[in-house]
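Next, two complexes with chain A in common: one pairs it with chain B, the other with chain C.
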Partner chain A sequence: MTFKLMIVDDSNIIRGKISRTLTQHRMEIVATAANGEDAIKQFSANQPDVVTMDLTMPRMDGLECIRKLRRMKPDLRILVVSALADKATAIQALKEGAQGFLCKPFSEDDLTDAMDELLGETHG
Partner chain B sequence: MDEQQLRIFVDLVRQYFDRETGRLPEIGSPHLGDATALPIYDFTGVIGISGERQGCVYVTAYREMLRALLLQVGETDVADNNLCDLVGEVANTISGNARIHFGPNFMISVPIVVKGTAQAIQVPRNIKAYIIPLRWHKHEASLVVSLQ
Partner chain C sequence: MFRFGLGKYRTIIISITLFLVFDVGVLAMTFLISRQIASDAVSLNLAGQQRTLVQQLTKTALLLEQDATQGIIDSSGNSSFSELKELIGTADLFNATLEAFHQGGRMVDGRGRVELTPQDDIQAAAQFKLLEEMWVPINVELQKIKSLKSNAKPDLGPLLLVLVADNLNLLTVSNMLTSRMESLSAAKATNLRIVQIAGITLALINFGFILYYFLRQLRTSDHAVERAQKETEDILRTTQEGLFLLDTDFRMGMQTSHALSKILGMSDLAGRDFLALLKPIVTPKTFDTAKEYIELLLRHDVKEKLVASLNPLDCIEVSSPQPNGAIESRFLNIRFNRVFDAGRVTHLLVTATDITRRVRLERELKESERKVQDQMGMMVHILQADPSLLQEFLRNAIKGLDQINEELRTGTATTGMSAKRIDMLFRISHRLKGDANALKLEAVAQSLHAFENLLDGLRANPVLRNEDFLPVTVRVKGLYAEIHAIQDALTRVAQVRGVVTVEPPKPVQDPAIAALPFVQQWRSFAQEIAQRHEKEAELSYQGLDLAKLAQPLRDAINSIVNQFIRNAMAHGVELPGERKQRGKPAAGRISVYVSDAGDGFLELSFRDDGAGIDPEKIRVAAVRTGRLDATAAKLADMRKLISMIFEPGVSTREVVDEDAGRGVGLDAVKDMVTRMGGRVRIGTTVGEYCHFRVQLPLGAAAENANNMTDVNREAA
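Here is the complex of A and B:
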């Protein structure tokens, strides 16, 4: 099964790395966004199944974006990919509705493992 | 900032290069910098720090290092906009990872990227700035940490 993925990160380099890695891992990239506001617009137009979400972004940060996306699609699967490595931030992201948290810097294996865990958990 | 806190940033720099490239950087002796003559190379990514600590953290690097680093992470487009993006992301990652040690009230801004050496980086004059020189793949760069 192929999943539709939206990548949200203000870094073009990170968006590219995630895209290259997950395209080879059951993912079709249906949208990318550089901030939360753009992600909300892209979400409505492309209806992804899965989102990778940065937290520190201009205009609308990742936590606010997660809150809004969860209201739009309660069963959306969200993997936070962030440099904010403290436990409190990870817990807050999970409370807002993310199901996984991957800390930057990450390897391709780290990303595919985190995505497998995310999809495995939600599918049982 | 004390020596232990400076050591945190040294370790985070090592960790960044190790995880992204599999190759550790050589770290020079961290030292106190003169606020009027801090290092600034071809591209600089600056993160403002607020909350419990105030100041800034910046990474400054030569074009050749960033090109090599980009290729290492699998990005073949080495145009200047990607070099700017990368230096900002390095600064963001190191600063964000520092929250493991400094806690969630170590608030970081989005990166501000400066291209070229014409503009000096303004660090708070009343806060000491420490320079951590590094060399990766024979290319030099510096991390500058100026925290109250």
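Here is the complex of A and C:
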């Protein structure tokens, strides 16, 4: 089964890395966004199943964006991909409705493992 | 939908069902047989009644006959009407009873209406049939009398005739029938008892089985529960980790591992509020984050594996008072795993581990890595620094540290140290720090800065005790180590590059070691040969006291060093004038160093700052002595040529004297070292130095050393 993925991160490099890695991992990249506002717009147009979400972004931060996306689609799977500088914010994001957290920097294996775990397809 | 599975209760349920079946069976049989017995009792009663009726009929008939004979009966027969009526009534009752016996049905006996069942016993049936047959003629006569009009005079003669004739027979048959009915009834009562006994016995056996099975199951279950409890207890008592369950109200479970109290530094933990316990030992921010994190695991749909990295309690530092009053700082790792029941998170399994050792090791590793980086940086600066300035700094540093050490030793013994003296130490340190910074020896400068901070702290303290100076002493030792490390680094750089000029011109010697007899002997020997060749020599030694080594090893080293001294003074070290021209001190410098390499070998390092080994001279000598022909000598590389100095008969000296020229000495050294299981390496740069490194096994055989006894006398 192929999942539709939206990548939300203000770093072009990170977006590229996630995109390259997950394209080879049964994911169809339907949208990318560099901030929360853009993510909301892209979401309505593309209706992804899964979102990778940075927390610290311009205009609308990740927390606010998660809150809105969950209201738009309660069963949306969200993986927070962020640095571990502020654990409290990351925990807050999970309480707002994200299901997993992946710490930056991450390897390709870290990302695919986290995605499998998020979608309930753990290996070994 | 309700699903009924017998499961482990299958046997017990079957047993109980059987018990009930037995009981119900016995009850049903008892009911059935007792009904039959009751029916038989009626039959028995009626059979007895028939016997009485026969007698009553005979008696009534005889009374009627007597009345007729005595003329009591008138022409209408009215005077005997009641007796006649009784006769007919008796006959009707007999007939009705017979009919009931024959076909079954309701019947009136002396106690009222009773139920009769047809008699199916063959013997009883035969007796009954006989009774019927005997009754037929009597009944015929009785029916005739019964059919008479009420005012007609009955003729009782024929009736009396048959009654008298069959009365006894009827009585006998009735008695037999009664007896038969009694025996049938008794047999049924016996059957009933057997059925009851058998049924009750089976029920009791079944009950016993149930009891046995149930108790055995109970015992097995109890054993399993006890064993499980024991295993749990063993695990909780033995594990080195602090384990407990945390419920959704953040309350700790009643069972905790024994190690938990020690890890958390608290007792009586069962049932306590975990957050209340956590609050005083972590920062407010960590506490808030930890509370959120635990709530996240308990109440939110997150992936446990994917949030583990957010655990704020993965490495927390806690302080706890020790019995001696000191405060001990430790590092704890507290992690959480969800416990599910029917798909819901009911608890968190909390694992607390003391990771102090791991954290400290990691820090030491980081510190070590930092030092390595510092040393690398220092090596770069050493390579870039002015050698003479560097040497001067090292000398000054050792001198300054010696001064500080002396102050600490004398000042703190009894009277403590005055602020004035501390100021002096501060000034020494500050001066050295300035020098280190100038040479870009940042690691040393930082260490000296830390040392100044220590002294600064002491200056602020009005009352100083001896133990207050303990950290100062430790820091001074560390500074000594750093300076020596730089000296070692310098030596290594010199060995690698062959740059003699960066080596300490006069290595710092321990006066006690310099005064050792064997060092004195080497020095004297060097001077003696130097004088013989109009040269000058200074020998310095660092390392082990040879007197502490085994005799054979000591002798071997002594012989080898003597040979190297002879070789250096005869070949390597130049005449004073020549040395001056090359920018070297007039006196040739010989450095000897013996150390335990730590791998079972002893290492002897012998270095002179003479002219080194000239491979071209060896090439010539090899051809002259016939070791190589002209072609081979031309093709030989530098490595090959230099290694030839260990071959017998090869000497670069054309003139033989008492110290050189025969090509024997180094050959003998190599031979001995080889036989002892060691090896010799040589490094040299023409015009700069010659460095021999000999490795000898610490357990070298004694006999090999003796082979060198004549080496000195026959030196090449």
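As a convention for this text, the second predicted complex is superposed on the first by the 117 of 124 C-alpha atoms of A that agree within 3 Å, B and C clash if a C-alpha of one lies under 4 Å from a C-alpha of the other, contacts with A are read in each partner's own complex, and residues count from 1 in each chain.
By definition in this document, a residue touches a chain if its C-beta (ideal position, glycine included) is under 8 Å from a C-beta of that chain, and two chains touch if they have at least 3 such contacts.
Since the model is a prediction, treat every value here as computed from it, not as a measurement.
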item: Room on chain A for both chain B and chain C (clash or fit); value: fit
item: First, second, both or neither for A:Leu79, with chain B first and chain C second; value: second
item: First (chain B), second (chain C), both or neither touched by A:Cys103; value: both
item: Partner chain(s) touched by A:Ala88 [first = chain B, second = chain C, both, neither]; value: both
item: Chain B versus chain C as contact partner of A:Glu117, first or second or both or neither; value: second
item: Which of chain B and chain C A:Ala39 touches, first, second, both or neither; value: neither
item: Minimum C-alpha separation between chain B and chain C after superposing on chain A, in Å; value: 7
item: Residues of chain A contacting chain B in one complex and chain C in the other; value: 84, 88, 103
item: In the complex with chain C, residue positions of chain A that touch it; value: 79, 84, 87-88, 90-92, 94-95, 98-103, 114, 117-118, 122
item: Interfacial residue positions of chain A with respect to chain B in the complex; value: 10-14, 16-17, 20, 56-58, 82-86, 88-89, 103-107
item: Parts of chain B lying in touch with chain A, wherever the complex brings them together; value: 15-16, 19-20, 70, 73-75, 81-82, 85-86, 88-89, 92-97, 99-100, 103-104, 108-110
item: Residues of chain C that touch chain A when the two form their complex; value: 285, 288-289, 292-293, 295-296, 300-303, 305-307, 309-310, 312
